[in-house]
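Below, chain A partners chain B and then partners chain C, in two separate complexes.
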Partner chain A sequence: MDRAAGASPGVWGAAWKRLRADRVGMTALAVVLAFVVLVVAAGLGGVAADWRAEVGVPDAPPTLLGPRAPTADPLVAGPAGPAADLRDIDPLAPRYAEWDAAAQRLRATEAPRAQTLPLGADRQGRDVLAKAIQGARVSITVGVLAALAATLLGTLLGALAGFYGGRLGDGLEWLYNVFTAIPNILLIFTFAAVLSRADALLPKGVWSIVVILALTSWTGIYRLVRAEFLKHAVRDYVRAAEAIGASASARIFRHILPNVSHVVLVQLSIHVVAAIKSEVILSYLGLGVAVDQVSWGTMLAEAQGELILGHWWQLAAATAFMAVFVTAFSLFTDALRDALDPKLRGLE
Partner chain B sequence: MVAYLIRRLWQMIPTLLGVVLLVFFLFKSFGGDPAEILGGMNASPEQIEAIRTQLGLNLPVWQQLAIFLKQIATFDWGKSWATNEPVAAMFLSRLPATLTVMGPILLLEVLLAIPLALLVAYRRGSLTDRAIMVVSTVALSISLLVYVIVAQYLFAYRLGWFPVQGWSASVWTNLASYAVLPVAVSAAVALAPQTRLYRSFFLDEIGQDYVRTARAKGLPERVVLLKHVLRNAMIPILTNVAVALPGVFVGSFLIEVFFSIPGLGREVLLAVNRSDYPVIQAVTIYLAMVTMAVNLLTDLLYKAVDPRVVLK
Partner chain C sequence: MSRTETTMDEPLLRIADLRVSFRLGREGGQMQRAQAVGRVVDGRAVGVSFDVPAHRTVALVGESGSGKSVTAMSVLNLLPDNAEREGTIRFQGRDLLALAPRELRALRGKDIACVFQDPMSSLNPVFTIGAQLCEPLRRHLGLTRRQALARAEALLAEVGLPEPKRRLRAYPHQLSGGQQQRVMIAMALACEPRLLIADEPTTALDVTVQRQILELLATLKQRHRMGLLFISHDLGVVGEIADQVVVMRQGTVREQGPVAQIFSAPRDAYTRALLACRPRLDACPARLPTIDDLMAAEAAQAAGGAPADTAAATPPPKDPDAPVVLEVRELSKAFWLRRGVFGRRLFQAVRGASFQLRRGHTLGVVGESGSGKTTMGLALLRLHDPHGGPTGGQVLFDGQDLLQLPRGALLPVRRRIQVVFQNPYASLNPRFSIGQTLTEPMAIHGLGGDDAGRRARAEALLARVGLDADVMRRYPHEFSGGQRQRIAIARCLTLQPEVLVLDEAVSALDVSVQAQVLNLLKDLQDELGLAYVFISHDLAVVRFLSDEVLVMKDGAVVEQAGAEQILRAPQQDYTRRLLGAVPRGWVPAAG
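Moving on to the complex of A and B:
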């Protein structure tokens, strides 16, 4: 591991150098890292931990717009004149003093509610900015975990199929054919239908979406990794390793895997974006995160009803957060692919 | 040709069997107990037991699998657990609505994306090209949900150009009024990624030697692009359309949910939410069959498009 200083840069060093020269890629990376910091801070409870608090008036507009003009409610008129004195006929009259004393001891304070919030409030008066940050935490966590799980599964199965071939390879090819024969969205629905009744096994929420998305999106990675392993398994360096007695697992994981890891890394990054988009749609449809959590998808679901009343800020906030992150991540993915495989540059 | 067809059909059997086994054991081992779902909250143990006997849940697993296979072969899935409608009748009544929406979407997408992509590929590297690529990257990062929500609000609710949602019994009324906005939104949203993809197909071809030869012998650019490049790029385009084709049957479930279109996609989603297992199982297995059939058809089409393709 400890390489002599001044040695010529390895493949990763060279890739990093190419990536650093890519201005768009580095800007995108900075945006992605900023989101990661935000997600970690929100996860540790430092930022937006109290997103459930109803800090503003319902549907409070964003600060830039200023508070909403007060509207008089003509339907409910307050009582005019003093309250009628029932002291003579009320059988509970002797206890008035006792109640007044009890009322004196209790102090109910009406929490002050903000008229405006930086990005406005939702129907319950919760801060949209805090919700968007918490939503970023859930959506990005799901996206990254699902992509990681799918990549792990696809890489492992692809490595086995490509390296060993034979019966094992045929079996895995069959599994691949079965999974790709079912249209992807139906496969997701099927898993969601099954898992929604399997609460004991996997409670509904972040983990169940991660499992659903991982089980339905490993096939593409499997295909690519298998093709790479087929190609590499017969190359000289692998044969040489075999000749000096390297075990099969050493050849798979120590010799071939590092040589195909650029393919895996790019796939991982593509799948993060895909998983985030899927999570948003699943959560909107109610098949995603649990009801006491917030994600960009649940925000969009709430925003649909608010938009009709003219309250567009929750929609705008969720959309903007998601668009910025996904654009940055996609651009970073492109830059990463160019850096790791310079031959592909510009080909799209 | 016939030998090829027979071999391909023969190869489908293990895959199809795999799909059947996957669906069967997935629901069997991880899904909820059908008797409890059907019985509801207040069912007595005797009622649950009666339902179990009726559904054959007390039989050995291989007999249940045989029943399952028989259901698939005879298209007889019994009744939906949620609505008591026969599953086959349910599919037949929902499919027309889905096709009314999805057919035009697919057609529009392909017919618009091909000329647009050809244009962009032709002007490669120009400002138009770069602008379109940047716009499509940003446009792609916004969720489909947002486009549909905003379009429905703006064009249907605020401006009143289209009905907000709804459906009628007449195909023509549907096509002329209810389907217009859903079709337009879906096609518009799909256009950016499609154009991007097709552009890369065309670029692959434009760099080839035969294009240079065609230009060198003085063919007008129009002929080079429309006759030579387009025809050669048809194979990846066909593959891409074929991949999207099975989706036509389940429909864009999101579009159907938003616009209250009584199609298959919405029905499947409802079935997922109600744990209506027969509907989900049937739709999954039949769509897998459709997918395999479409893949075979695509391979046959390759031959028609490119005579050099050898089917083996």
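Moving on to the complex of A and C:
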């Protein structure tokens, strides 16, 4: 087991080495990183900043399909022949000439609208690709922030409950039971309803969703972290730390937490995926981001109406973006778990 | 190869030139392998060869990593999927390496049965003993349910379980460790195997229970006329049960022969060293010889040098009037046990233990598992969860009662009483480098000046326990058990303690490593005047280190006297039983 003298890779170094050997994991990581770059670029205004511009004809199809054929025969036939002359009976007839002159002076400059766009356009003619990129920014930001907040909350409470036990542990268990006893979607609605009244406290939109999701999804992490702390608190290395006089907080955060960090990290990445999906559902139900923002969820909500008309591209774009990101993130999570699992470390 | 069997036919089991390696995965396009059994010597692969004759007991002895378990598990191919076996294993004339998985499965349990080290993890906790016993009977022998139950009852009676009929309905957790191992043996015997492979079957058990199981195995071997392949790290156990002994080290056979020859006239230097480095009940040298020392001495002798001086000097007498550093009066510790939904009751784990510990002295604490010795050790340091249950009595350290000190005032005392735990794999934080592990205690107590000073001191202590300074940057998983235990000892020494509680500190180590660590502990005591509370189930080890011995049973101290006195003239029945159960190895003639 002894390696040649010199610095040896720590636990993290070894995990990174194992992760690098995992081809699927590295591909997934590359995809995730590409999304992160995209999100950052969109956030800084470099990419898809003008997603609100109506650059295409309404419901322009994707470029691959080619422009839509002009509608040959509308259902209601237009009137044939010259328009009827109403001069004799129209009281406003004397002003026709004046209006024509005014109309000559005005020029409505209408930008040429594209017949097709790379991924098509929505009903207002906005570029679906730009919308999907902006939607990625909102959805991924919400997902990551909500997962981070939920992990922080769950880890802290779980660590306290598992380490101290006793009254504190009982109290936290009680809180956990209350939260898990209520059906999840109902709980989310409740928080959404309460928070929507608290506009002064919290701007509506991204932040309120982050808070809602964090408050409703910490329970799973709490349970796992508590179990890990229960297990580790009586381990010899923690007892040894107590014997040398390490304080309770040092034992919790310096000794045990790094040893259960693989659980926390994997939970974090699982919750990122879950939060993105929840955000999509919330936005779809109208409880999500504000109307002037776009997320994958609002795109899906719009797509519902378009689909009836046969305009499937907005749905496809949002679904594809989400599927690629969520799949890549999940695969990366799997690889991360394998790389961090101390059971695979040979000696434990 | 030595042949002592009179039969000229093929023996029951013949292992010839067996080599086992484990595939570790590809690196740079080349399959990497770890050789577990067999070694390349002078460019030639040498495997393991030995016979197990019918009705005989062959013992495989070696330290951890010697390949003894891998060799035994190769017989039935109970190895992980990445194992590759070469050579021949012939059982009753059939080559087991060439058998199809289905044929091998038919042999398992029926002709060759196994008993493993840990009965608690070998029995399925959700099935009753009866269900688990009946399964092989119905599968291999085709018995009906009723017949199988009757046979299972008879088997339990045979392995000496009282009330076998009631036990059939019991779940594994309702039985003690020794009873579980008896059930495992009954399961192994169920189909009347020709060969029984017992892999460290008594290692997880107390000495008294170990003795019963050894006697049971010997009787059953006689009665069923089985061959027995017995794997153990303990030469004392092997000497009592084996007819033939095979000594293994690093995947090769060092020596094999009849038990009398191995114990009375060992030919191999390693065997001799292995025999010499065990602490014994009947002799107490000042230092234990270690395998490295002995083998180096033999090599020097073979090269024509003068034999090194390994003669044991008499231990320096200890000052009987040394100041008392720790006095314990009527120490008791109880735990709350849940009962029903809301009820709870107290379980008394330690009751009324009293002793005095003088500077530079060692108090040995012996007892079987569950006797409360570890609980007492942890109570001395106040390492129990305060919600767990009440602690009574007094622990006087320097005139202060540790049990009455408020938590905040405990820190200065923590520096002066330290503890070393049993399992060196669990007592070091795996995410801390050795440097962090060693400097943390000094930083907490503000010792050693600045960081540089602490590092210098940590390096000096590492040198003191026999490790290089460059291990500071490494992590615990890179070290062997013995090295980790040295690091744990060094961590305690950083605080310059006065009392060290050693909770089974050498029990998890191989004999050779155990001898090194015991010598280290003795040297440190002489040098620094440390007082030890040495908790162990191993009487021989306690005898080597202790001045006074405390014998505990069911939480109470049953006997307390000087080490010599307890060994020579034990007053209590229980102590006598404990001493009688210690394996003594091979005893000529009388044994």
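Methods note: the second predicted complex is superposed on the first by the 297 of 348 C-alpha atoms of A that agree within 3 Å, B and C clash if a C-alpha of one lies under 4 Å from a C-alpha of the other, contacts with A are read in each partner's own complex, and residues count from 1 in each chain.
Everything below uses one rule, namely that contacts are C-beta pairs under 8 Å (C-beta built on N, C-alpha and C of every residue); 3 or more make two chains touch, one makes a residue touch a chain.
For clarity, every value in this text was computed on a predicted model and none was experimentally measured.
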Q) Between chain B (first) and chain C (second), which, if any, makes contact with A:195: first, second, both or neither? A) first
Q: Determine, under the contact definition given at the top, whether A:245 touches first (chain B), second (chain C), both, or neither.
A: second
(Q) Once the two complexes are aligned on chain A, which partner has more residues of chain A within touching range, chain B or chain C? (A) B
**Q.** Contacts of A:265 with chain B and chain C, given as first, second, both or neither
**A.** neither
Q: Pick one for A:235: touches chain B only (first), chain C only (second), both, or neither.
A: second
(Q) I'd like to know which partner A:327 touches here: chain B for first, chain C for second, both or neither. (A) first
Q.
Going by the contact rule set out at the top, does A:152 touch chain B (first), chain C (second), both, or neither?
A. neither
Q) What residues on chain A does chain C touch that chain B touches too? A) 347-348
Q | Residue ranges of chain A in contact with chain B within the complex | A | 174-175, 177-179, 181-183, 185-187, 189-198, 201, 273, 277, 280-281, 284-287, 296-297, 300, 303-304, 307-308, 315, 319, 322-323, 325-327, 330-331, 347-348
(Q) With touch defined as at the start, can you tell me which chain B residues reach chain A in the complex? (A) 14-16, 18-19, 22-23, 26-27, 30-32, 37, 137-138, 140-146, 149-150, 153, 157, 196, 199-200, 203, 246-247, 250, 253-254, 257, 268-269, 271-273, 275, 277, 280, 283-284, 287-288, 291-292
Q: State the interface residues of chain A toward chain C in the complex, per the touch definition above.
A: 1-3, 5-8, 10-11, 165-166, 234-237, 239-246, 250, 255, 258-259, 342, 345-348
Q.
Could you list, by residue number, the parts of chain C that touch chain A in their complex?
A. 378, 381, 383, 385, 387, 410-411, 414-415, 417-419, 421-423, 425-433, 440-441, 444-445, 468, 470, 473-475, 477-480, 488, 491, 495
